[in-house]
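Common to both upcoming complexes is subunit A, partnered first by subunit B, then by subunit C.
Let's turn to the complex of A and B:
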């Protein structure tokens, strides 16, 4: 691997942090919802879409980012927010519905917004894709070399918003990288039952832009593909479409019985858990040793615990503050 | 003999002038939409802007309303102040997710940390046989959904001042121009569509209704082209010794509830006129406001004249019958004065 060691280590650390965050959110989500599952109960109520298994998608772009770059993400946003460096305390607090959260408890886990880093997400499939196009318009107008990264699932590639956005970005040669996180399933519907062609990356040719396919949920391959696409966008050569074959290790949402995926599929998926695979690779290639991995785990786990502590020790918002922030006041 | 003449403009030219002034003053303002460039906007709202500001800031888009309205949101979040045109409000069905789920909610979801200063301009209204997909007003639909201001100018002076206020506003503003008040050469002539407009920048505050005719027997609260119909009806009523006050609401969000209540406290009777659909809309909201705030002052139950709950029909007699007319307003106004 001719990738700087510090990038590999950074990617691994971030993968560990994301996985730990998702595991702990999962534990806390279920802690007070069982034995009879009540979605409205507990410390974390509502739907919860976790990204365990999709870490490579997020960490591969991380070393290529610079301040001001925009990310628009989906209903499954935690891995991308963590990888971009969104404040973990405020993000956790938002998930727990606290006053100290990114949105003061008004958005929840599908609506995480941050100014710096420049992050947003949305609960509607495909909704964030055109927003990235507009961010890129602003970057060009302000003569920065920032880029906008738009993440969406393979299910969203059948939405009009996807096709409209690719056409606009290609037409105007905007600095956008469109990233399709293909985890094979749109809730229960497999891609083979939803999509007329095998690879969404082929759809790039319909808009005259480069399309790349990253197989095997490999963070290094993601790093390379994203590096090329981001550099291309940054130097003003226009958008790209990258499709990353990844795996959602758990259900669509927590509480999903996940009966639509076969045991064979799930077994194969778990055997290719990207965190384990990447960790082993770094060991095999002597980039990290066992003791490095142990200390990375300790450090990342401690960071996650601190964020969860911050969230759970934060106050809930005053009920009547629900009326605030519908409109912005005049700022002059 | 005076040597100064007051300059007059049509509403359409007043809107274009307002956008030009703000583009001159603020580099972050730009325009995009279908046919906003060479054509100058199908209804002229961007007339002359391409020549002044060039294609980098006056951007013709493909027919991709989800794409370019979503892009306006992304640009606004990242420091721009886009004016984006949805050619007819009737087209909202292809892009409403971006408007009500995204543009209108991001500020709230972010706990006030992110601002979305988009002006969404759109043409509304019927009366010229364009049938059921090009004639609606739909402002009640937008006003029902929290997070966007909804502005509807009725005359050139207000159109310019409200547009400047909308562009300077840090919130999403849906700016609806009624085709019948624009002063377009290819629409039925409307003398009120031309009026005195000062040359420099000025704001008409969003959320303040305007008493456009004072009266003592009856309040007619309305918006858009129906303001003109109400003024004509007030003339007819005056000949019958009925003094009607006409209140131009000018915006539905925010709604100037104080002005409605104050006027009804003075006149003791309320008629609401709305070109939008009858049920679950502006007429019901204004009447509820009146009952909550001025119940004890009412001498008669409030009444309303609206478009019935039907798709806007094409054929001239059908459409003319369906939309609020001077005759219907006079009749409803007169009925309110009948002693019970």
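Let's turn to the complex of A and C:
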């Protein structure tokens, strides 16, 4: 297929932005939690799950989105939120627990909710899958051609909610694309120890919907597969399941000793870093030159720094606001 | 007698499940298919199987399923990466071990990788792919029995084929069905589903029952053994072809000519990729394609005549 140059460049820019954001969050997260790792201490309290290495999964769908499309994600959401265009300042502020954040600082990094673009995530495994089905039902009810994208890991595909969601979406031919990010590990549990079959894309046929496997962590491969799946949903042909083999370069959470993955496994992953690979490919194809690459890095790094500055300079929510936006209809 | 076995756990799962009506052949169905193959092989005394031990445990599942009807199955002591290099490496090892036949379970890409590892392999390609332009689509139990008869019987039940050797700046590669330049500059998912991307290339098959680019060749008429067909796509004329499962398309063809083994063509392309057996693979710039002798393929009827 012919891929417009602007799509290729946009995907690369977004990959650079995601990686820079994850790297800086990682630095700031650890800055004041040591020497004894105190998860509650410092600028970013609580757990942190970063998506370095999984950028292709996010950027490959980006050019196919339209305003109003909905995305549900997981405890590892940053790459998807950034790719969908969630306000980076407000996203950073939410991660830092500040009043200017997406959830007024009360949700944190695993609970990023944006109305426009329509993005939501949560830490309960498999939680977002039926929510995406609900969004798709709403689009059908409102007679729009929007689609819902549901992102989850390979471990979540063993949850009941996954199976219920695929069944209902298939039965009602809803405009939803189910996307399984297979990074081979559910926390520390390898897929071979959790899942009876080798590939979750095989499960699609049990519900009468198409399932495809994207076997390499490549943004162009994801772009092709997601383009077909999203177009299919948008024209009313119903749901599909896309499984993408990707790499989680860092531990499950920040502070994870990651001892359950061998050094050979981690070395091999880093040798196939998708950001470096895609950048080299763009140079080889003369889509970008070295100067372009440098400019993109400068621009994306500056945007990330500006968002982090905004977050760090934002106030914390006042203690007396603790019960605001918690109960419906409560005015005080 | 030793029979080699290489099964591809990821065949029949790519984007063509969305762009046409290609079906998924999941791990369990492949394991069932391999189990039936093993039962066929195991019904003849004196045959052992040496297999690549894929990370999905596909062959092991099949052995369990076949139970006591399976022949003795051992596994190659090689590192497996979970990629197509396992097929090439495995095939090369099996060649070195003097296997009398090499059974592949997968699609045309699996056959191609096996042929790259063992170019003149006595192949038994069992269809578990998307187009299966090269593979045998017969019942695997029958294929297994025929394989065992072929390797234990007298005579030669394998038929020579023609292949395409591709030489580019990235090295040498082999295609067993087709090596075609496409306009795409990106490998992406690898698959081809849009015939307007085809530029020109060599096709070794004109089997009317084949699917994919081979179907385009078939529509242009029969091809003599030991030849491949050079096709230039585009232009005003077209032929109707089964371009993929559930895809009957009119494919524009400008010109074609049949070339014998030994003939070579320079790829006069500044951009684009060479697709090998339907998968986008290598940069086309500066490449050459040559018609060569290919692997041998089991002829089921001849195998049964050796009974």
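In this section, the second predicted complex is superposed on the first by the 328 of 332 C-alpha atoms of A that agree within 3 Å, B and C clash if a C-alpha of one lies under 4 Å from a C-alpha of the other, contacts with A are read in each partner's own complex, and residues count from 1 in each chain.
Throughout what follows, contacts are C-beta pairs under 8 Å (C-beta built on N, C-alpha and C of every residue); 3 or more make two chains touch, one makes a residue touch a chain.
Please read all numbers here as calculations on a predicted model, not as lab measurements.
Partners subunit B and subunit C fit side by side in the overlay (superposition on subunit A). When both complexes are overlaid on chain A, the residue A:107 reaches subunit B alone and has no touch with subunit C. When both complexes are overlaid on chain A, the residue A:2 reaches subunit C alone and has no touch with subunit B. Vectors from the Cα centre of subunit A to those of subunit B and subunit C enclose 120° in the overlay, to the nearest 10. By the touch criterion defined above, A:124 lies against subunit B but remains apart from subunit C after alignment on the C-alpha atoms of chain A.
For subunit A, the partner touching the most residues, choosing from subunit B and subunit C, is B. Once chain A of one complex is fitted onto chain A of the other, the partner contacts of A:328 are limited to subunit B, with no touch recorded for subunit C.
In the superposed model, A:255 lies in contact with neither subunit B nor subunit C.
In the superposition on chain A, A:85 makes contact with neither subunit B nor subunit C. Contacts of A:141 after superposition on the shared chain: subunit B is touched, whereas subunit C is not. The least CA distance from subunit B to subunit C in the superposed model is 25 Å. Comparing the two interfaces of subunit A, the one with subunit B and the one with subunit C have no residue in common.
Listing the residues of subunit C that touch subunit A in their complex gives 9-10, 13-19, 23-24, 26-28, 55-58, 183-190, 194, 197.
Residue ranges of subunit A in contact with subunit C, taken from their complex: 1-3, 192, 197-199, 201-202, 204-205, 210-215, 218, 220-221, 223-225, 228-229, 232, 240, 281, 285.
The part of subunit A that touches subunit B in the complex is made up of residues 70, 72, 101-107, 111, 113-115, 118, 120, 122, 124, 127, 129-139, 141-142, 148, 160-161, 164-165, 167-168, 171, 324-331. Touching subunit A in their complex are the following residues of subunit B: 28, 30, 56, 61-62, 64, 66-80, 82, 94, 97-98, 101-102, 105-115, 146-147, 149, 169-171.
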